[in-house]
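What follows is a structure written as structure tokens; I'll ask about it next.
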Amino acid sequence: MKRRAIVFTVCMLVALSVIFIYNDTSHFADSPAAKYYIENFKKDTFAENAVAAIYLNYRMFDSIFETLILLVSVTAVINFSWRRDDEQ
Amino acid sequence: MTEKIFLILMVVLAFIALNTQKLRRSVIYLGIFSLVSSFVYLLYGAPDVAIAEAVIGSAISTVLYLVALKKYRVFTIYYTNANYNQIRDGYIIRGRAQILREVESFFVRKEMEPQIIYTTEDYKKVLAEENFDLLIHQDYDQVRLYGNAEDYQLDALEAHMCENPNELLKTEFIKFEAGDKN
Amino acid sequence: MNVLEAVLTVISILTALVLVRVIIGPTIWDRLLGLNMISAKIIMSIIILAVLTERTYLMDVALAYSVLGFIGTILIARFVEKKGEF
Amino acid sequence: MNIIISNLLIFVSLGFMIFGIIGIFRFKDFYARILISSKVETVGFLTIMVGLMFRTGISYSTMKIMLICLLAIITNPLSTHAIARSAYLSGYKTGKEN
Amino acid sequence: MNNNSEIIARMTGLIYPLIIMFGFYVILNGHSSPGGGFQGGAILASVFISRYLVSPDKNLKIKSLRVAEKVLFFCIVMVPTLFLFSSEQSRIEIVHLTYLILMNLLIGLKVASGLTIIFFRFVFYEGGK
Amino acid sequence: MKKITGYFSMIFIFTLIWIILNEKAGATQIVTGLILSIFSIFFANYYLLEEEYVDHYSLNIKSVIKYLVYLIFQIYKSGFSAIGKIIKKEYDVRISEYTSCLNDELSICLLANAITLTPGTVTIDKNGSKLKILSFEKDNIGTIAIDSETCSEFEKILGGIRE
């Protein structure tokens, strides 16, 4: 019980410090790729949603492998939960 | 201001969901956590992630948690008290402080899911009609526990209660055979 | 300060108050009730945010909650009612 | 003019919600709490939606808000009903005479 | 014998087509408003979860869904290969939009069938005692 | 013939909903709306429901509007009475049975929904046309008088909701 109270206070202190100390700072990752995407995505892909433009055009391999992972996990679920009456 | 309140709520919810003993409570806490977090995503300008969180958090992940919880055995405990006519919060809290918390933590340690049902019906009626694993009947400091004789978990509970006796309460075990009930 | 922002703040404080009931609620059904109430409040605040920022596509999230939010609550309620199955 | 009406409606709905939350802390019994909470859900929700509709005027977003209201009217009572039914069928009883 | 509530069964049946239409709305408008394949597919999968609420003892034929998933994965690999990685990129708007909508639709259907398979497997095979 | 008009009105309603979702009423939206509404109704028929969607859920639109207006009126009326309950702190509840005089399944379900939506009453169980209602002890239930023999106003409106 005592340990939980200590952990809770530590959690809250960390959270409060994160919320109130880093209040007004705006930390954006200043990468050239992000700038390029934001400026050019409409011209390149004709999509209005930047996220769709990225995952269907610039980063196509990402979504291909994401669906591959889903396929693999479905196969795994089917094989692990195998039962004898499954054959018919 | 709004986002700060919701962020603090998220921290509190995550802490509680990790620290409850009963797993079905933490399913509910995680449901609220996903609700709040999807609104925080909206506040930070990520509606795509918010929709995904809304759909997955409200329907699919709840189902998966519950399927995992199905593996646990649920131990149904009825709690009746001879001195009260109506159930109020104070009655529940007093009952928990006296005996229920001990029984509950015993079953949690044995990796089972205790489900406590508070009722004002007469304990004889519950004994005759309902389907239960353990019935606790309290009359001031006299506590009687009714249970099935074949259930070996109850033997363990009895041994545990004998080892750590409560100073204020007199506990007494009454066991019946499986065929007796109906 | 805009009226709607103030309303959003008030609703977030009310959500925190409902959360207190969820945490102390003696029975499990009290907690479910709190889940239900918080989801209604979140739908409200999403729509207020959509009207405040004049971005109507945010309402899709509220629609998703109002279409699918009841499934989880009903599943948990039925899980408790049938004592471990659903 | 529309803004004034909508502000008024929003404040009324906030009042409803605050009363509902007072209710769930004041009542000491689960069944009384669930009776009160259905009030918070429906009355406050509908009032605040009507208030926001006055702000958006006649447009597609108003119709979307109406659609959300309709869906809430269909699905909210389902979850309330499921919770109350679960408590009742599990055997949670309050009064002795019933 | 299932003692489910009749009210829940009736009223859930009323909003089935609405859930399906909302799922397709999220999928088909993925290029212009928030949403997309994954989110819409999850909504379509939750239609089957809500069917489980109404009739819990009705299983689903999973075999056709498995075949559909594999075919859809093949399409997901092939369509961008033919469109994006070809040597000559066309600058016409209609072609790009068709590509985006088609890919969203394929991903959505695949995610829907995958999540449905996982859900029914878990509920009927894994959770049983 | 009646069935075909039912299908057409359903398709019209879902196309309207599709247009509202898209926030645009161009030709593309109308065509996709028509296709998708036909698809979703038939999908629901064949894979999700046990009966036909149109047979079970076709409603008279005039009565639906009347029902909604009366429902909202009742919600506000009993909302104000519930505030009094909170201030006076009356929390005795009772569970009573009520036999509705409606025959149709869907209209009984709509009645139960309306009972749950009004503050102060919650439907607990439904068995045929018998409803179990949880309500406060003191007052007559807001929408229906529980002990009366005749049909309430709600049931009169709901009686004409099926075409």
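We just call them A, B, C, D, E and F in the order they show up, numbering each chain from 1.
To be clear about the criterion, contacts are C-beta pairs under 8 Å (C-beta built on N, C-alpha and C of every residue); 3 or more make two chains touch, one makes a residue touch a chain.
Worth saying up front: this structure is predicted, and the values here are computed from it rather than measured.
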| item | value |
| --- | --- |
| Touching subunit A and also subunit D, the following chains | B, E |
| Geometric centre: closest chain by C-alpha means | C |
| Higher-contact pair (C-beta pairs counted), D-E versus B-E | B-E |
| Where subunit A and subunit B are represented by their mean Cα positions, the distance between them in whole Å | 34 |
| Approximate Å spacing (C-alpha centroids) for the pair subunit C, subunit F | 22 |
| Inter-chain centre distance, subunit B versus subunit F - centres from mean C-alpha coordinates, in Å | 35 |
| Centroid distance [mean C-alpha coordinates] between subunit F and subunit A, Å | 40 |
| Overlap residues in subunit E, where contacts from two or more other chains coincide | 5, 7-8, 11, 14-15, 18, 22, 26, 33-36, 38, 43, 46, 49, 122, 126-127 |
| Junction residues of subunit A, two or more chains touched | 49, 51 |
| Numbers and ranges of subunit C residues touching at least 2 other chains | 27, 32, 56-57, 60-61, 63-64, 67-69, 71, 74-75, 78, 80, 83, 85-86 |
| For the subunit A and subunit B complex, residues of the former touching the latter | 4, 7-8, 11-12, 15-16, 19-20, 49, 51 |
| For the subunit D and subunit B complex, residues of the former touching the latter | 28-30, 90-96 |
| Interfacial residue positions of subunit F with respect to subunit D in the complex | 17, 20-21, 23-24, 68, 71-72, 75-76, 79, 82-83, 85-86, 89, 91-95, 112-113, 116-125, 132, 134-136 |
| Interface residues, subunit C side, partner subunit B - complex | 5, 8-9, 12-13, 15-16, 19, 22-23, 26-28, 31-32, 34-35, 38-39, 42, 45-46, 49, 57-58, 60-61, 64-65, 68-69, 71-72, 75-76, 79-80, 83-86 |
| Footprint of subunit E on subunit F - complex, ascending | 14, 17-18, 21-22, 32, 36-37, 39-41, 43-44, 47-50, 53, 56-57, 105-106, 109, 112-113, 123, 125-126 |
